[in-house]
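Okay, so subunit A shows up in both of these, paired with subunit B first and subunit C after.
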Partner chain A sequence: MNKRFSSLLAIGFLLFCSRTWAQLVVEITKGQAEAIPIAIVPFESPGAAAAPFDVAQLVGSDLARSGRFNTMDRKDMVEQPHTGAAISFDDWRRLNNDYIVVGQVQTVDPDHFNISFELYNVLTRQRMLGYQFTANKPGLRLASHQVADMVFQKILGIRGAFATRIAYISVLGAVPHRQYRLIVSDADGENPHVVMQSNEPLMSPAWSPDGQNLAYVSFEDRLPSVYVQNLPTGERRRVSAHAGVNQAPAWSPDGKKLALTLSTRDGNLDVYVMDLATQALTRITDDPGIDTEPQWSKDGQTIYFTSDRAGGPQIYRVGIHSGDKPQRLTFQGSYNARPRVSPDESQLAFVTQEDGGYRIATMDLHGHGEVQVLTKGHFDVSPSYAPNGAEIIYATRDRGRGVLALVSADGRVQERLVSSEGELQEPAWAPF
Partner chain B sequence: MREFLREHSWAVAVSVLLHGLLVGGVILAAFIPAFRPPPNLQPLPIDAVVVDSQIVHAAQQRAAEAAASVQAAEQAKAAAADAKAAEEAKAADDAKAAEDAKAAEDAKAAQDTKAAEEAKAAAAAEDAAKSAAAAQKANLAQQAAAAERAEEAKAAAAKAADAKKAAEAKQAAEKQAAEAKQIADAQRAADERARQDREAELRKQLSDEERRNAVESGPLRDSYIAKLRNRIQNAWIKPPSASVGLDCLVEVTQVPGGEVTSARVTQCNGDAAARQSIENAVYRASPLPDPPDPALFERNFVFRFKPDE
Partner chain C sequence: MKKIVSIALLIAGAALLAGCPKKNNVSEPPTAGSQISGTSSGEGASTSASALGGDAASQGGDITGANGVGPLARKVIYFDFDKSEIKPEFAEVISAHARNLTSHPNLKMKLEGNTDERGTREYNIGLGERRAQAVRRALMLQGVAESQISTVSFGSERPAAEGDDEAAWAQNRRVEMVYVP
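So, the complex of A and B:
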């Protein structure tokens, strides 16, 4: 036998041996921060009385408003299935959808509706959700937001906050007939209810952790006082009316205390904690500068606040136990104020001054204190986190008028909220 | 076997050395945790490898067959040579008997040349034998007077006749041997061609393997991996939970043309949303890009999702 020939055989065998070690593994280290394409097919509405509004459209606009979903335009839908069995997955995939929601709204009686829906993964053809529930007419919007919440959570793994509420201040008319209203509405701005109305300024609404009470500042006594109002009963009581300033109430995580700003006789503002049961006060800061806008940490052991002790307003935090030394958190820029802690306390949202405008910024609390400016407006103020931490609602100005806007916590998406009449100010997002 | 080893000592030595390196590498890998592949990175059954192993196996088989046929040809050649040698011996004896060494040598020389020349040489030998016989006859005529030599002359004549007969027999035998040799030569040529063909085929397969091996560790493979990575990274919509610390493996099966037929997250420390997003990314990226060299195509491979931000 030829020597070269057998050499080739030997080499071939070695190659064969080495081949099995060449498993191809490709490492993926980056992804896109894109919106997920989803089709919300109009829900079938058999029966005489149609639903009072388009449920699928509400679900779609919730998802789109979050910035995390890109909902398919209905006019691009070549078919409108209402059940999973009727979905032609290849077609929906060809139209670049990752997910599809189909459903029905059936009229049980003129005041009750049956909503059923299913969520499918178009790429894997898997059924991911299927629910059916009954809602009365006033609850139909809430039920629709809950559908959006379920879809949101199933796909993104974080709880949706569409079926939640917001509180804000609306200012109507001009002096001397100016009217101030405290309004609670659905998170999408719809379904507004006036919970307090006054000819004197109303300010700084703050939700109790259980979502049953609002604390706010009212000038109804000509001087600022802090009130707590129970929403289901409408019952309200004044909890702080000290001489001078009473402002910026913030509930402790256990709902038993309020942090707030009070002034001494010489007008120096400091942060205090008040026990709601006894109204006993504990002084948290003691500095000749202005210390205000307190916010509690998740564990209730630390308070974040704004202080101008170093010149311009900057954000600090301090333990609630006496002797704790405040720690400055913001160093970037000459104006950083109104801190709000994200629900998981990974971030701080605040107002910063940049290029002469006020903008919403966030700071990473875990890492190296990285600051990201989220908005581009001229007067973006009063940030407040959604209870899932995914979005921040804030007040801004649109053509000279105060409106509410949303920005996703990563700054990717900004949305205006449909606004009712008046100057809208100081939004506060309710807990779940 | 020993003969084989002796004959192919170079190849065997290389093979043993490289195997030794491989085994050593495996043992080393087992002792150095950093070099140990994660459990899921264990080589998966790869269709391509199975196909390759069949090719190599078939090639080996064909090579063995080629070797066998070469051996058979060599045996046939040896048999023909033996026959020829016998004939040669006989012819040499005959030529000796004819007492013409030159003719015999001519005949012997003719045996190594082509059949026609051999036939010619044989004819020459016959002529030589004839002239030898004639000379003998003349001799015998001169000694005819001697009665006692008559029998000797008769015997010589008989011997000459034997020589002539032997020459004729030799011619026939040589013709037969030449024919046999011709057939054997043709067979050997055909076998040689077949062997060369097979060797060329195996060489090509091996060069495919070599090329594959070369591209797998070379810039083409890097370029393929980069293309795959880009495609997947563009298709992956990261859910909020997918950040630094996530580490997930997804086993992917594609068919030629790049269409993904299956994507299955195997090992993953992420939540359901992360797993879903990873499978979706692979399906969204389908069809996957073609490899820059077809030799790089893998039916099964693994994506490792490990975000660095």
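So, the complex of A and C:
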């Protein structure tokens, strides 16, 4: 409750105070044939003051964006009921809808609105959901994402991740006068705000498990350091500035430690674990090759990482207790790197090289380690799982520009997030 | 019901407190880098070198290649794809800087390793470091003191040329030799 409350406060501040940056536009590039047909009827807004925000529109675009729903075009709706009692189920059934959402936005005062909505199964006429809540003006967007989350979960049994956030790096300007920005936005790219900017590279944003802090690498001193920045206060702390490399921070599941990559004087990169309270280091890997890109297992006992100890980069895992021998996980192809563990640890997402291109692949961690290549680009890197595990956001290039894209974890749905400015890199999806 | 109330409370709470603070640092992102003079360009060597120019003049010669001629003026070593071996064509440049550093023990050099954009960013940091180390070893083999050389890897974060083709990539796979104060 406390955690949720303070993050909402932060969102409130940012909605009001941050400059509006160029927003991302979603293009669905590959849909799913068996998407569930649903009608999101425009919400009625009675009273003199019209609602300042189209809740139904955003709910519909969230659901459509997931690729799992096919939302009915408004112009095909022959009627627009706003309560369950007004729904003519036979008509909606003839229009091939499985589900229907109806609702209202009522003005409490000029700044506050009551949102009520109901979800019905068109075939059984069963009322599946009925909710009512109050939102202020800037809260209407978040409230709409929450409506979409509830509908998504009720129908699919998977927790929705529409009301979550992402972090990414945006690079503006031409070489060599580039400006690097660390941006946090809603998961759909709206409400972007800059949390850090620098004339030197920023990279590898990583969310703390509570969603309150970002760890990242900054070259602001023309040397790499790892910083931890608290989002609600903006306060930041340099946590690693050893001689040589300070890279690839990854939070332990309990939020008390960071795995990171450091180097010796002769440039050998290895993975370490740092206790955030004491900054004490434990060495995890010890090999003359490049060991980097660490990620924690769910139980915090194992670290997945990239190593080129066998020639090209491959993915390994090792227990965090000394004496553990790393186990190689990937064998298919000559380049497999930057593992990310799915929230339920059933699979890994990583970057693989195929036909000369870098693509996003997943590997089954149970069973036989089956590998599936999900994308077809040439520069697809930096995969990051949605907190519900249903989608993976990643960075790619489109007509010479860095853009962000999404693919469902089963590879069946793909979308691109197109921004009007900047090279976008290294998306990191925030926890719930 | 409990959930409805808590959502309502949360959103109402956000509303109460969402008024803009008076120039509070909550919405002001910290800025870095701009205050670091002379190090924001991709060819940072030129500004760093000119800072050393005063010393050089007092010693009666250009020791950092700041005048733009001779082997000391060349400060970038280029590499083949996925390689960190130094190609023969750069032997002369490295020897010239090695002689310069051994005869001026007070000079310090930073080696900035870079890669092209292909592959994962953090692994590229490792590759860039490997290239910087290859140049460091070559300098040390010719007598340069370890204390005179430092390395940094920018991986693929600081390209010298933009573009998704080999022409750009070839310019980006490099180590820049930067004389530092």
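Throughout what follows, the second predicted complex is superposed on the first by the 395 of 432 C-alpha atoms of A that agree within 3 Å, B and C clash if a C-alpha of one lies under 4 Å from a C-alpha of the other, contacts with A are read in each partner's own complex, and residues count from 1 in each chain.
In this section, contacts are C-beta pairs under 8 Å (C-beta built on N, C-alpha and C of every residue); 3 or more make two chains touch, one makes a residue touch a chain.
Since the model is a prediction, treat every value here as computed from it, not as a measurement.
A.B. asks: In the overlaid three-chain picture, which partner chain does A:Ala248 touch, first (subunit B) or second (subunit C), both, or neither?
C.D. replies: Second partner only, subunit C.
A.B. asks: Return first, second, both or neither, reflecting whether A:Glu34 touches subunit B, subunit C, both chains, or no partner chain.
C.D. replies: first
A.B. asks: So which one touches more of the residues on subunit A, subunit B or subunit C?
C.D. replies: Subunit A has more residues touched by C than by the other partner.
A.B. asks: Answer with first, second, both or neither: which of subunit B and subunit C does A:Leu123 touch in the superposed model?
C.D. replies: first
A.B. asks: Under the stated touch criterion, which partner chain does A:Gln132 make contact with: subunit B (first), subunit C (second), both, or neither?
C.D. replies: A:Gln132 sits against subunit C, while subunit B stays out of touch.
A.B. asks: Could you say whether A:Ile158 touches subunit B, subunit C, both of them, or neither, answering first, second, both or neither?
C.D. replies: first
A.B. asks: Taking the stated contact definition, name every residue in subunit A that is touched by subunit B in one complex and by subunit C in the other, in rising order.
C.D. replies: 1, 5, 8-9, 11-18
A.B. asks: Which residues of subunit A touch subunit B in their complex?
C.D. replies: Result: residues 1-3, 5-36, 98, 121, 123-124, 154-158, 390 of subunit A touch subunit B.
A.B. asks: State the interface residues of subunit A toward subunit C in the complex, per the touch definition above.
C.D. replies: It comes out as residues 1, 4-5, 8-9, 11-18, 111-112, 131-139, 142-143, 146, 174-178, 181, 193-201, 203-204, 218-224, 232-234, 236, 243-245, 247-248, 261, 263, 265-267, 269, 290, 292-293, 306, 308, 313, 335, 337-338, 351, 358, 378-379, 381-382, 397, 400, 425-426.
A.B. asks: Report the residues of subunit B in contact with subunit A in the complex, numbered from low to high.
C.D. replies: Listed in rising order, the residues are 4, 7-8, 10-12, 14-15, 18-19, 22, 41, 43-44, 46, 49, 52-53, 56, 59-60, 63, 66-67, 70-71, 195, 199, 202-203, 205-206, 209-210, 212-213, 216, 225, 228-229, 232-242, 271-274, 276-277, 279-281, 283-284, 298, 301-309.
A.B. asks: Flag every residue of subunit C that touches subunit A in the complex, lowest number first.
C.D. replies: Result: residues 4, 6-8, 10-15, 17-21, 25-34, 36, 39-44, 117-123, 125-127, 129-130, 132-133, 136, 146, 150-155, 157-164 of subunit C touch subunit A.
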